[in-house]
Structure formats: C-alpha cells, structure tokens
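Each of the next two complexes has subunit A plus one more chain, namely subunit B in the first and subunit C in the second.
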Partner chain A sequence: MSIRHQITRAAEYQSLATLRDFIEATCKGHPGVDDQVLYDLKLAVDEACTNIITHGYAGMNPGSIILEIDLSPQKITMTVTDFGHAFEPCETPMPNVEAGLEDRDTGGFGLYFIYQTMDEVDYECTEDGNHLTLVKRF
Partner chain B sequence: MFRSLRVKQQPLKIVPDSPSISAEQLSRDASIPITLRQINSLPENAKRRIYRPLLPLGILVQFGIDPITWKGPNGDQHIRLKAGPEKNGVCIAARKASDDPDDILFLELADNAMNGIDLNLIVINDPESPRFSTDQDEQGLPTLFGTARRNLGEEERAMQAGLAPAQTRASLRASRQVFELLETFLATLGHRAYFLEPLTYVSAWVFEQRGFAYVRGHKLMDDIHAEFQPGGRLNSALDGSTPFRQPNQWRTVRGRAWAIQDGILDAIDTHWDGLRMVKQIGRHAGVETFPEAKY
Partner chain C sequence: MEINMRQEKQLAIVAIIGGVDALTSGEVNSFLSQQIEDGKNRILVDLSQVDFMSSAGLRAILAALKESRQQGGDLSLAGAQPGVEKILKMSGFTNILKTYPTVAEAIAASGM
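Now for the complex of A and B:
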C-alpha cells in the first residue's frame, strides 16, 4: 500500500524552498529514507523545477507546478507536472563532466544531477500536462 | 549517462482526422478522444442523447423542465442546443421562460488546437433573483461582461447586492454539480483535461476551488494576493477614490474582484489578461492563492 501526498505552487523560484520543505515533511522518517536519500530527492526535484521555471514557462506569466509524492515500502515516486512548453530531451546536450572547470558550460547540470540521483526517470507529454516521474528505490 | 531516462516514444493518441464518428471507430481504442466536431456530425437526436448529460437534472426539475424532452409545462422548448455539423463547438443553454433575458445555465465548449477541449463560457444564473443591467452600458451597448464597457451605476448596485463582476444575477450555487457533469462527459469522450480562461478574479478563485491549476497566471494570482496584504501596493490603492476601491475590500474575494474590475492592477503595472487554467480529469490540483479566503 502506498500513501500519496500533493502540493501545487506557482512556477517561480521562491516556490523551490516550499517544495523542498514539502519533500522533507513528507518523506523524512519514512522507512528507507536516510539523510542521503532525502538530499537526493530534494536535489532532483529542485533541478527539475528549476528547468520548468527557467524553460517550461519561459515567455509567459508562470502557471502551476504540481508535485505528487507516492510513498511505498520499496520506493518513493515523485511526479512533477507542469503545463508549460514541453521538454525536449533530445535537444538537451549533456554536460562534459570530464572537462576542466574553465572549459565547462555553465548549464546542463540539472539533468545530470537528476539522472545521477534517481533510479528511474520517465517523461511524458500529454493532453493533461508534462509529467516527469522520478523514482528512488531503497 | 542517459541509461535511466525513458521518454515515452509512442506518438500521442490523436483524434482520427474524420469529420464524424462511426460505430466502428467507437469500438476501437477507448482512450482515443472524440472531438465535439465528430459528435456534431451525428444526426440531431444522437447529438441530443450525447449532450443531454451536460444538464444538471436537479436544476431542470427545479424549473419545471422535462430532462428528456427539454420542454416546460406548457410544451415550450426550454433548452437550446447549438451543435451544427462541421462546427467544432457546442452551446447548450437552459432558460426558465422563453422571454427571460437570462439563461439559467449556459455552457459553451470547443475543440482546441491541442487535441483538447476549451470551456469558453459558463454562466449559471438564479432567474428568480434581482437583475442588474451590468451587461449593458447607459447607452444600451453590450458591456461584454464588463470587458468592453462598464455600467458603473448598475455595477455599484450589483456589488452592494453581493454579486461579483460580470454577473447580472446571483448564481444558483450549482457550479460544483455542473463541473462534475462536465468532467464525466469529457471522460466519456476520452479526454484527460479541459481548459478555460477565467474572466474575473472571482472566476479564477471558484475554479481553484473546483480543482483547476494554472497554465498561465499562477504567479499573477500569488502577486495579487501578496499586494493586497497590508503594506502592499494594491492594498494602498484601495483609497476610497471610487465605490469599487474601499479600504476593506482586500479582505474578500468579491471585494478584490471589484477593485480589479475597476482597474486597480494598474498599481502593479499589470492587468487581468492572459490567465489560462486547466482541469485534469479526476484530479484536484489543490491550488489556493487566497488562503482561508472569505467570498
């Protein structure tokens, strides 16, 4: 059996702290969630929402971000939904993490962090929004 | 590095490019949405059967309208259905009496360019409540819900009677019921969401209560709430300069809405425009941009 929690906030940078607090309040103390897992969950959502705020809602008065957290004994599933421009993963270059600091581009690390911290990353663009699903297994 | 990313690769399920719907198409994948245009190409009685569930039975019965024949006690038609062949939208309206100036319920839906549905207009009136001519200016020209022109005298009377901007009469307080029917109807057609543009601050707040999220304008609603707090620029602009800008109006949804109707958003260099909301079928977004609001 899983327990589902949800929060909806405007897609703006000042919402990021609220979303991180929500993750902490929801997941802390759940069996399998230690400080490292909690950090990973917050980092992944932070990066995903930053992308939505920066790119998804670019050029418009920002809409909503819905964060849904599903807690089960073996895993935590987080779904981030937005209604802005769809993300095009094929158009997003991965950063060169081997390059020296002076040669690296400043952007692109958000996705890298998400892939490094989550066990599954699914993205789906549908009639009812863009859904990014992040799964962390224990 | 991309080993864990999975992007759904299958194409989105789209409506077949067919002007009408056949029994054979209906028997295919039930998750493919059906457009209003396809329904509108069906014979008249088939359309009636399909659109009939959009009308709340309780309201029809309350006003003596037969929910099947759509006729009143005198045999008059009380429901208008506009769903012409080749049209990508539908209007359905219920009226207590044919000579009534207002509909009890008016719904206008349309297919949109994104394979979805737009709710262009919803009006729910109590035909037995006092009427205010906010829909016409003093020269008799339509105000288009106060967006093109205003009738300040009637608006002031309407505000004092407890109405919101763009209302000519009190509502029947049936929006929850109407939205539930609409959502069930759209789910039947295979749609996962529908969209609308809130006409007023009150509308946006009501739609939040009904579970809508924002495609555009969530931040604007947050900003409006923040600026109406004591010390905020909108709060300061409630300076008593017009009947619609009285100091206590920041405390209620309606008070804020009348001030916005009066152009108070100029104080924060913006205006009421471009908001778009989305309702995911079966889900409540839980948006609350005016926490613990009083209507």
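Now for the complex of A and C:
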C-alpha cells in the first residue's frame, strides 16, 4: 500500500527550501529512510528543481513546479512536474570528477548527483507537462 | 543562511550557517570573493552548521578556491556533515582541496 503527498510551488529559487522541508516532513521516519537517504532525496529534487527554474522556464512567464511523493514499504517515488521547455537528462554530458582544479568546469554536477543518488531516473514529456520520476529503493 | 567570519592569525575562518543552494550560493560566492579581494586569501570554510549543500554550493567553493590560489593563498574546508561530505566525495572535490573533520584540526594543520 502506498501513501501519496503533493505540493505545488512557484518555479523560483525561493521555493527550493520549502520543497526540501516538504520532503523532510513527508519522508522522515518512514521505515528505511535514514539521514543519508533523506539527504539524497532532498538533493535530487533540489538539483532537478534548480534546473527547471534556471532553464525550464527561461524566456517564459514564471511557472510552477509540482512535487509528488509516493511512499511504499520498499521505495519512495518522487515525481517533479513542470510546464516549461522540455529537457532530456540523458543528453547532458556528465562532469569529469577526476579533473584537477585547472580543468574543472563549474557546472554539470546537478544531473550527476541525481543519477548518483537515485536508483531510477525517468523523464517524460507529455501534454500534461514534463515529468521527472525519481525512485529510491531501500 | 548566515555567514560569520573570524580571523585566527593569518587564517580567515568563514562559518556558514544553514543551507547553501541556488538561492543562497551567490551570497557565499560574493562573501568569499570579497575576502580574497581584501587580501584574506588563506581561508578556512567552516561547514559544521551547513545542513544542506547542492551543486550550487560546490560552484561557489570552487570559484573561491581558484581565486584564492591565483592570489597565492588557499581554501580548505572543515566540519562537513555526512550529507555534505558525501557530495564533496562524489564530485571529487576531496581530491582538489583539503578537508578536515573539525575547525580545530584545520587550524592545527595550518601551523597557525
């Protein structure tokens, strides 16, 4: 049996802390969720939402972000929905984490962290918006 | 988020309190850059009260690290909580700058 929670916020940087707090309030104490799992969940959503705010609604009227969290005994499924420009995560190159300081690029870690912390990452563009589904198993 | 600073001889200890994300990382970037411009290019960033950091925070630290070394100084980190420690390792940052478990150990290692 799963339990679903949802929050909608404006796609602006001021919403990031609110979304992280929502994840903490929803997931903390759920069996299998320790402090590191909680951090991973917050990090993945924060990075995804930052990308949406920075790129997804670029050149458009300010939009919104919907975060749904589905809790089940074996996993947590988070779906981030926006209505901005489509973005294909798998087309973005991963950063070189072995690079020395001189060769370090300042960007690219957001998506990398999402893939490193989540067990499944799926992206779908539909008429009802862009849906990024993140699954964490335990 | 808050930023406090104290001087320990030639080491500027910058304590960040709260979360460093895309909203607040600009403030961290500006603060560290200003210290380096003011000649304080030996910086220790105290992360012991940082409960969340994203890639935006790493970008601010990377920019300050490059700037401090260009000025003949350095930047190190201390007191990272487990979640922040994990992103420092995931990103390979622990290979390009020094990190210490506590501020006291960082100060002792600096020879100040």
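Heads up, the rule we're going with is that the second predicted complex is superposed on the first by the 135 of 138 C-alpha atoms of A that agree within 3 Å, B and C clash if a C-alpha of one lies under 4 Å from a C-alpha of the other, contacts with A are read in each partner's own complex, and residues count from 1 in each chain.
As a working rule, a contact is a pair of C-beta atoms (placed from the backbone, for glycine too) under 8 Å apart; a residue touches a chain by one contact, two chains touch by 3 or more.
Quantities reported herein were computed from a predicted structural model and do not represent experimental measurements.
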{"item": "Fit or clash between subunit C and subunit B when superposed on subunit A", "value": "fit"}
{"item": "Touching partner for A:Phe83 - first (subunit B), second (subunit C), both, neither", "value": "first"}
{"item": "Partner chain(s) touched by A:Asp35 [first = subunit B, second = subunit C, both, neither]", "value": "second"}
{"item": "First, second, both or neither for A:Tyr13, with subunit B first and subunit C second", "value": "second"}
{"item": "Partner chain(s) touched by A:Phe109 [first = subunit B, second = subunit C, both, neither]", "value": "second"}
{"item": "Subunit B versus subunit C as contact partner of A:Met60, first or second or both or neither", "value": "first"}
{"item": "First (subunit B), second (subunit C), both or neither touched by A:Thr126", "value": "first"}
{"item": "Geometry of the superposed three-chain model: angle at subunit A (Cα centres of subunit B and subunit C, steps of 10 degrees)", "value": "130"}
{"item": "Minimum distance between Cα atoms of subunit B and subunit C in the superposition (Å)", "value": "12"}
{"item": "Residues of subunit A at both interfaces, subunit B in one complex, subunit C in the other", "value": "112"}
{"item": "Complex contacts: residues of subunit A adjacent to subunit B", "value": "6-12, 57, 60-64, 66, 83-84, 89, 94, 112, 115, 118-129"}
{"item": "Interface residues, subunit C side, partner subunit A - complex", "value": "19, 21-23, 52, 54-56, 58-59, 62-63, 65-66, 69, 82-83, 86-87, 90-92, 95-97"}
{"item": "Sites on subunit A touched by subunit C in the complex", "value": "13-14, 16-17, 20, 35-36, 39, 42-43, 46-47, 50, 53-54, 95, 97-101, 104, 106-107, 109-110, 112-113, 116"}
{"item": "In the complex, subunit B residues that touch subunit A", "value": "1-8, 12, 33, 114-116, 191-193, 213-222, 274-276, 278, 280-281, 285-287"}
